[in-house]
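Two complexes, one shared chain (chain A), two partners (chain B, chain C).
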Partner chain A sequence: MKLKATLVAALLGSTGFAGMAAAQTDLTLWYHGGGNTVERDIIDSIIADFNGGRSDWSVSLEAFPQGSYNDSVVAAALAGNLPCILDVDGPVMPNWAWAGYMQPLPISDAALEGHLDSTIGRWDGEIYSVGLWEAAVALYARQSTLDDLSLRTPTLDAPWTGDEFMAALEAAKASGNYEFALDPGMAWTGEWYPYAFSPFLQSFGGDIVDRSTYQTAEGALNGDAALAFGEWWQSLFTQGYAPGTSQDPADRDTGFIDGKYAFAWNGNWAGVATLDGGVEDVVFLPAPDFGNGSVIGAGSWQFGASGTCEHPEGVAAFVEHALQDKYLAAFSDGIGLIPSTTEAAAMTENYAEGGALEPFFSLSEAQALVRPVSPGYVVAAKVFEKALADIANGADVADTLDAAVDEINTDIERNSGYGH
Partner chain B sequence: MAAISADNHGLRLATRYAVLTLIAIIFIFPLVFMVMSSFKPDLQLLRDTSSIRAFLPVGDISTDNYAAAFQRAPVGLFVFNSVFVTGVTVLLSLLLCSMAAFSFVFLNWTGRNVLLSIIIATLIVPFETIAIPLLLLVSKLPWIGLEGFTVGWLNSYRVQIIPWIADGLTIFLFVQFFKDLPRDLIEASRVEGASWWQIYTKVVMPLSGPVIATAAILKFLVMYNQYLWPLIVVQEETYRPVMVGLQYFFQLNTAWGEVMAYLTIITVPVLAFYLVLQRAFIASIASTGVKG
Partner chain C sequence: MMASKLTNSNRAGWAFALPGFGLLTLFIVMPFFFAFFLSLTNQRLISPNPTEFVGLDNYRNLLSISVLTIEPELDDAGEIIRDADGMPEYPRVRTFTRNNPDFPEYAGMREWFRWHSGDTAKVVVATDVVFWKSLRNTLMFVLVVAPVQGGLALGLALLINQRLRGINMFRAIYFMPVVVSIVVVSLLWRFLYAEDGLLNSILHAVSFGLFEGRDWLGNEDTALGAIKAMSIWQAVGFHMVIWLSGLQTISPTLYEASSIEGASKWQTFRYVTWPGLRNTAVLVLIVITMQAFALFAQIDVMTNGGPLDSTTTVVFQAVERGYGKQDISGGSTISVILFLIVLTISLIQRYLTREK
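Coming up: the complex of A and B.
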């Protein structure tokens, strides 16, 4: 009798489980964090929690290395092989949405309450993607350097003006204690250039494209403000304040820690490594204000639904699940990025009040400006990168910016305005 | 007079060895740097790059980078995938291309010269120009396998192997080599009643060791270094090869020590393959003037 009951229970259990498994619709998630074991463990745990607690959806993960992720997605889109859930870099999202690789995400407003605005990807009036974290850039310095050079410590409310910033660089250069006064990070190429350096242009009053129409870069990238920016940018190299495009990548990684540079323009992801490297009095300063406000770049990786996904509501359910503060905090503690809510920040080791990287959260809140929200950004970004490298290498500022404007405008025309 | 001649000979020899040593150093030092760096922690590795220490096993030496590399990525799987795909492709390519070359050189059929010219002309077409059309093609191709009838070859070994089996360079190498074989041998075999298949397997191929080695090594390098093609046709980690796997090591803060450890690991199959075929490869270069 006991054996019979056990068999019946086992049968019911197994069929019940099978029934539940069969009812779950599997959604594949493509993720850019292949090779990051910490990130992988956290995303695995989020998926395990999601799959264990639902009868309607399940998610399976396919991880890609970040360096080749975008190319893989574009190739898969061409071959009609996209998954349901896509991971997308914030500034790339409009391009993928415009190209049909992504569709609007039917997520509730309540799920996004309190999130940093720059972590929400909007295109054409709709939400397409949502991020679990943000990144921010700051001017790294040693408090002892500021004291030795008798420099005022800039704050969010009172950042350095452009003149103060240049005076600081001059003081560092004149001290003779450093190989270069500033490390802008020229050894890093690709998206680093528009992400890290276009905020300087915006602070001067220019931009990569004219955001009022997104139909031209004329005036924005070659107007008076942009020319002033270009001249300033070139002076960093011609006057010996910063290493040029031939900077040794090793120096980019360790130069500030080793004391070769007085200041470094770097992201929050390098903060812990800097502290671990022995720079205990490191301070993270806001971007200088060149007349049009103090600005830093914004927009990091986000989740969204692919254009071919038949279950966007399942994607939204997963994203809402992943947006819980405990996961945001886990990601932040694991990989050092800025959680997208104040509540999650308070739960973290580095971004809670008094945490080593707390200033970055405030920087994100106060100064973040997303890169141009346009499908054409992916092309404009490359043009901008080349222009800045050329100017750093001594090219004529006006000619270079005019050529960049022509190239960006031609691309916009070829794509019929990119749907703006 | 004899003394001057001996001096000249000695000087020439010394010069030759000096030049060869210099060339060897140029080629070997990057490898030495790679191997030495694979045993150093990141900070030390980066600091050593500005001195001779970069080439020496000094400082905090350990195998931690190797352990970390295996933890960061399924290194063994990637190496297996690359070796498997490369090995199968090389074998099938040698077979197919040598048979094609045999047909071009020894068989009389209309249009063979035109077809050979077309095949050789494909050498100047960069792969990048046909990558997308080829991607669209393989994504729609049918297949009958253990799982039954399916459409689309993406995420498989076959999609990494089949498009690469036949190539103009390998056919050209075999054609050039076969042309230099004594015609008398072939004609004598025909007189003796041998079939073309027998001539191919019993006469021609046994004489083709050097060109087989050359073609195998060149094909091996092309296949083992594949990046773009597997990147766009393989979205599952299960089938990912070593070169795409390398990207796993480039994060926001790149772990250079692990990169060097990974590179050291994936260099081993290439070195092993070359060492096995080294003698035949050099013989081929000496006899045909083909450069690798």
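Coming up: the complex of A and C.
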């Protein structure tokens, strides 16, 4: 009996204690960067500053490895265990918003002033998520390579045309100095394919889905422009310009630095490693223009409020806090990402005026096109990835793109149009 | 006697069995019925839309297959147009299967493979070519892995079933790959199979430079074979141990008797060892078959089903669709079909290996 009474008293005492501490409402934040200590330290300091300065909200962090982050969120949503603050990859956001896993973020317009538009996640006319940084892709090359092959240096205003680009690859191949002329990054399976390669398709005049209605991919992904894109894509591999799908991931990381590849299609996050690797004359060139402009992908990780969260205003308060330029700059210096505002960019080491990675900021500003803003994107991206891998491996271009169109359309139909 | 004891006065026995039965029911039997139910709906992994009953649509989408007969193209004079090699030219399959009101029965289908009879092409078209390819790959995998792995395991078991010094070391070495996680093993073999990997280097050295390195996993013709070899190596130790336990239940007196009778080594194996391993053989065969049908981790880590679907498997497709493409009903349908296939094959094996 006595033991029982003691236990009850202890229990009451402990809940009372917890109750007092909870004068601040606790908000849990799920983050995708588990395992990265630099990232962890920065986000910890943001949270510590936030919790220290306020009496109403208190944020606690749970980090997941990026590879399984989306699966964890979906599983938690199915089980009804979502945290209040969600970290979400830009193109996935509409899917979660549509499914009700996220709710609109009541953030003030003032907080978003001066932000790169592609860092603001909108769905159905409302803001659902905001990102602290952006990512961009460029064509890595050495200035010495351009000089040796006597190639014109492309600029934002005058990028290479498709023909110039192919001539450059041919020159690099003919020089015999490289194992491959171009490294598109086939070893990075997953989201890299639609993120990095669908802009080429858009430059040809096609797209993953028809963005006027988002109800079909017919014509967009298997029209004449898409077929031309597919033939070009296949020629990269059949004519030996690029390593195929079985590329060693290690070569992807260091191949350009080691001089195996003349050009590499890579993101800003690899910029620091390339400079540190001793490629001092690296230049970051804009994507070639295949007829419809030079385009790169946009949209990175962003913060938003989960659908079951009872305190969206608390989430908004945290996001507004995190959007301060000093934190954007800290993330940029820490892990090499592009800060979302010009002011923050000026505070960073790499993206400030004259910084080593400054070209990426201009690329992002000038050419970024978000991936299709649709809940169906998640499935379409998978289909697109497989189609590109198959074409690279020699599958018939028209048949493969047709099959991809059918699969995307069936999915859209089975989801009653995804709420567009 | 046994049956009545099992059902009547054996409360303790049932109580001990309860946790096991309970967990089996909860995690294996119930999910199966759940999957069967889901395969008749359009359930999505995440969706605000209500789930609808769609009957057998999922099965139809997965299994529809038919043969399309294509006549060669004719020129204005009614002659067959031939290419440089004298092969007739055919209209593209997509002209029949896409937006062609004359052939509604082929709408949305794709070519799987074709053969020619005379100048006519017979094209096998299916709504879901990838599924059919995954079924074919899985069957090819089982057909090779089950006998080879079982046979190798028996060979190893016979080798280590001897009284030699340090025999336990050999047992441990052969068993080692089983203990290592399949994901780790797959990653390591990916490096071994790489174009500048260990396997190519060894072959190059052994053949005095005659052998040109090849990309084992990146080539349609070798990818599945490479995965078969690696899978056989990985799990052979496990079945070796089962064979070994079977070998050790055979009474030594039988061997003594056969040696007194003057039996040769082969006769001893044929008339003493093999009959004594009968039940073990049935067990090993069925276990390998079921494990081979469940091939997933190697594919997921090493090839992702590529290149050109040459290594995609049924379970890989079930996971890819159910989770990757958020189509739970499609994934469930594949699981149900796989269950029926494995059940049928196990029953046939059981029938063929029954006590006569």
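Quick note on the criterion: the second predicted complex is superposed on the first by the 398 of 420 C-alpha atoms of A that agree within 3 Å, B and C clash if a C-alpha of one lies under 4 Å from a C-alpha of the other, contacts with A are read in each partner's own complex, and residues count from 1 in each chain.
Assume a residue touches a chain if its C-beta (ideal position, glycine included) is under 8 Å from a C-beta of that chain, and two chains touch if they have at least 3 such contacts.
Predicted model, so just to flag it, every value in this text is computed and none were measured.
Undergrad: Kindly classify A:T37 by the partners it touches after superposition: chain B alone (first), chain C alone (second), both, or neither?
TA: Touch partner of A:T37: chain B, not chain C.
Undergrad: Looking at the overlay, what does A:D71 touch: chain B (first), chain C (second), both, or neither?
TA: A:D71 sits against chain B and chain C alike.
Undergrad: Check the residue A:A403 against both partner chains and state whether it touches chain B (first), chain C (second), both, or neither.
TA: A:A403 sits against chain C, while chain B stays out of touch.
Undergrad: With the two structures laid over each other on chain A, which partner does A:Q143 touch: chain B (first), chain C (second), both, or neither?
TA: neither
Undergrad: First (chain B), second (chain C), both or neither: which does A:A79 touch?
TA: The answer is first: A:A79 touches chain B but not chain C.
Undergrad: Can A:T155 be said to touch chain B (first), chain C (second), both, or neither?
TA: In the superposition, A:T155 touches no partner, neither chain B nor chain C.
Undergrad: In the superposed arrangement, does A:T238 touch chain B (first), chain C (second), both or neither?
TA: Neither chain B nor chain C is touched by A:T238.
Undergrad: A:D253 in the overlay: touching chain B, chain C, both, or neither? Say first, second, both or neither.
TA: So A:D253 only meets chain B here.
Undergrad: Which chain A residues come up in both lists, the one for chain B and the one for chain C?
TA: Touching chain B and chain C on chain A: residues 71, 78, 248.
Undergrad: For chain A, which residues are in contact with chain C within the complex?
TA: 71, 74, 77-78, 95-96, 98-101, 189, 244-246, 248, 378-379, 382-383, 389-390, 393-395, 398-399, 402-403, 406, 410-411, 414-416, 419
Undergrad: Which part of chain C faces chain A closely enough to touch in the complex?
TA: Those residues of chain C that touch chain A are 42, 44-49, 61, 92-94, 98, 108, 110-111, 129, 194-196, 215, 217-218, 220, 304, 306-309, 320, 323-327.
Undergrad: Taking the touch rule as given, give the residues of chain B at its contact with chain A in the complex, in rising order.
TA: Going by the criterion above, the answer is residues 42-43, 46-47, 49-50, 71-73, 132, 135-136, 139, 152, 154, 231-233, 235-237, 244-245, 247-254.
Undergrad: Of all residues in chain A, which touch chain B in the complex?
TA: The touching residues are 30, 34-37, 62-68, 71-72, 75-76, 78-81, 248, 250, 253-254, 258, 267, 269-270, 273, 277.
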